[in-house]
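Look at the two complexes coming up: chain A is in both, with chain B in one and chain C in the other.
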Partner chain A sequence: MPEIGGSDLFVLEFGDILHYYSPYTLTLFLLALIFTGLAILSRPEGQVDIAFGGDAYYAKETAVSEMRFRRFMTIACGLATMGAMGSGDIFNFTLFASLVGITNVGIVAAVKSRHVLDAAYEYGIVAMVATLPLFGGAALILATTGTLSIPALAAGAIAVPPVGKALLALGVIGEGMAPFYAAKAEMFRAPGAPYVIMCSLSSLLIFLRVVEIAITI
Partner chain B sequence: MIEYLVFAAAFGLLLLGLHRKVIARVQMRPGPPVWQEILHALKFSFKSTWIPKTASAALYVGVVLVGIGIWSAALFIVLAGESILILFAIYMLHKVVEHGFGLSSGSPYGKFGGVRSVISAASEIPLFVTIAAIYLFTGSLLLRDITAYQAVHGPFLLIAPPVAIAMYLVILSKLPYGPFSIVESKELVSGYKTEHFGVWRAGISVIDGLKTFVLLYAFVAIFVGAVPFWAALVIMAVILVSLSFVCAITPMLSPFDSVTIQGLITGLMLAYVGYLWWVMP
Partner chain C sequence: MIPDYSIGLLVAFASAGVAFFALMRETDGLHRLLLTDLIEVVTLAFIALVGTDLAEALILPGLVVGVSELIALSEIYRVKEGYVRPPAAGLRIEVMESAPGILAAILVVYGIVLSGFSGGAVAGLGVIFYFLCRDHSERFELIETASGYSWVFWIVAFFVFMLLPQYWFFAVMLAGSAILVKVLAKMSLIGTMRGGPNA
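Take a look at the complex of A and B:
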């Protein structure tokens, strides 16, 4: 395999399923781990809002039941992101990427704000539509090459069609990167920073991983 | 190792001081002394420090440590000639750190700084187009391979100038007082930095110093090639002064204009890389 993220540090085998870690993917994995840890340890902030037309301001409180649900979704999102970082199989990667999209909606689904829920709904539609090129790209690669194993594809026995790579990247971008992130940016207005930040981090990390996959194969 | 970190942070802060000075002189103001940013970092180190009552404490402190950690790692990646993909991943992840700074305090100013940070994510895309273009030439993303390629074929600045311009704009979008500095705009007080004070603010200064040093040093290594260390420092200062001129004469764009222009740059870069991919053997 081309060592675009540095030499492989170690390979983790689960039968025929492979996880590999280079300095690049390990860095991404560790960041997902750190922010998942911070989400577990942190309590949500009391987001301060100004009441316009006066000098008053108030701090929003996050209810314990809401906090528990959102923390659970954040941990799930963190685990899905960590899985996507080390995956040596494109099918597993697409599953983890779509799980990131689902949990991103879940992280803000319990927020009692119409604006945030509208944004989450819009993001959910974009993320759902994006799964079509995501899985379509993987299917195209499988149909052309007969495998979805990244090391096997990187060996270069059969050329991977560029359109397959492009669809895969488009699917990941649809999970929350520019230019499909307009609705997602509005989701970040929700209180609960340790949870909301995972929405941003997970999208970035899976995008960074798909760049590595697209260049490697 | 620690001496590299201290030097890089101090030199980066000195460059940021120079940045403020040049902007001021272009605008016919005296401006602060060049070492002002170093003095700021030292001053904040000894200021009283606490955590706001409304803040998410672990995240509020954690993002400062993560920020210092990722840029320290970036420095050693550049010095060791490792993969620029890691370096640019760190550049993108800095956005999450900015986001964390802004949201963790509960302040509305910080929050809007954080939200703007997410909106301005379009500025990162030209970076990957830069990487793709370099990979087309070198077939490797290891910095040592890229400098070795330039030793044979000449600097990338001359081989692929549009790629160098794209990275120049990426660095510009991370500099304070520039046309794309919407995350620290004055209507948001200090944007995502507003509620971090005392030692936490000194930590942000260290992050800013390291970030400035790493990005400019990487620019020299990627587009000029292997030069003596002192020459790299001089070239970094020259590049920064040119960036300061741009910042001094360009008004800050509105958030949506900023994103639109960065999007257009991305489109042009994609067309250029597509052209390279088409014509290269």
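Take a look at the complex of A and C:
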């Protein structure tokens, strides 16, 4: 087993479904945990618009109540990301990845303006279509090797087909497309700063994790 | 002789190709939403092709993910297009005014006898039938709360299975009745979806 993430620090077994943390995944897990904590604690950012050609400026106040839904989605997204980091079962990982996709749709779609909703809709279709390679890859791996447990696959009794790994990676790329759509909708300029960053962070983390999985198995 | 799995895989990949091609050509928003559902079905076919007990257990979460994404996208589409449906009156069929009471009662009693997931579905069907035909002026928060708590009991039953296996009979009964209430409550909400303030 090529232990690119270092040796296991912790293993929680339910039969062959298990959760494990290596130094690599533990680092990613802590990143997600810290950012979820920050999202819970932080208040929405207040924005300042400068009036062009003068000294005047407008300060916009954003109340917490407007941001409740997005904060909830951010916390859910953080929990899903943490689950994806620790999971030692490929199908559980794909489920967590698609949960990250759904919550990212929620974060992007929380702004009630037409072009943001257009972008969220496009992203939602991408995320939904991406479940085909995601689950398809997991199903192919299950069909050829007879197991979904990452340590069992890494032990290498039967070689994992490269097409299965490729489909899995493709699916995660599709689920993690949210930052591009958030950028397309200029959401980084919309009020409610800390929550939008969760799109980028969760996409980055699930992508780093699927790279580790694809190399390990 | 080509193995069955390979043939199935070939068919699934061909269907995926057709679905993606259709999605590429289609420009209308609503039609694209419907086409993504086509892709979801191919996804389920990929899992179903494995054909083991494990695959059967994996189809359900796959289906749930697909359905929840579909519901979320439909809601986004509705909001972005600004569609607001006026609340419509219930079914106006004379037989339905007198029939639902006894039929709903039979279905609910039979569902409770069955118990578990299928029992919840049968009993839920009875409640849907009742709500569809009769007026609905129930406290929906109460139904949702009952559904949530029974889900928690279901999970508690699973923890009993794992941590205290000697109490398996208690856990079986708890899981069976909790999932009955949960499915019944969730399904009964469908019977009330006709716009208006409660929907």
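Convention: the second predicted complex is superposed on the first by the 180 of 217 C-alpha atoms of A that agree within 3 Å, B and C clash if a C-alpha of one lies under 4 Å from a C-alpha of the other, contacts with A are read in each partner's own complex, and residues count from 1 in each chain.
Here is the rule we use: contacts are C-beta pairs under 8 Å (C-beta built on N, C-alpha and C of every residue); 3 or more make two chains touch, one makes a residue touch a chain.
Fair warning: this is a prediction, and the values are worked out from it, not measured in the lab.
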Chain A residues touched - chain C or chain B, whichever exceeds: B
First (chain B), second (chain C), both or neither touched by A:V105: second
Partner chain(s) touched by A:E212 [first = chain B, second = chain C, both, neither]: first
Which superposed partner A:M128 touches (first chain B, second chain C, both, neither): second
Which superposed partner A:L140 touches (first chain B, second chain C, both, neither): second
Contacts of A:E45 with chain B and chain C, given as first, second, both or neither: first
Touching partner for A:V196 - first (chain B), second (chain C), both, neither: first
Which of chain B and chain C A:G6 touches, first, second, both or neither: first
Contacts of A:D118 with chain B and chain C, given as first, second, both or neither: second
On chain A, positions contacted by chain B and by chain C: none
Residue ranges of chain A touching chain C (in the complex, touch as defined): 14, 91, 95, 98-99, 101-102, 105-106, 109, 112, 114, 117-118, 120-121, 124-125, 127-129, 131-132, 135-136, 138-140, 142-143, 148
Of all residues in chain A, those that touch chain B in their complex: 2-6, 23-24, 27-28, 31, 34-35, 38, 41-50, 59, 177-179, 181, 184-185, 188-189, 191, 193-194, 196-197, 200-201, 204, 207-208, 211-212, 215
Chain A-facing residues of chain B, complex: 53-60, 62, 66, 70, 73, 82-83, 85-86, 89-90, 92-93, 95-96, 99-100, 103-108, 111, 114-115, 118-119, 121-122, 124-125, 128, 131-132, 135, 139-142, 259, 263
Parts of chain C lying in touch with chain A, wherever the complex brings them together: 5, 12, 16, 20, 23, 29, 32-33, 36, 39-40, 42-43, 46-47, 49-50, 54-55, 58, 61-62, 65-66, 68-70, 72-73, 76-77, 79-80, 162
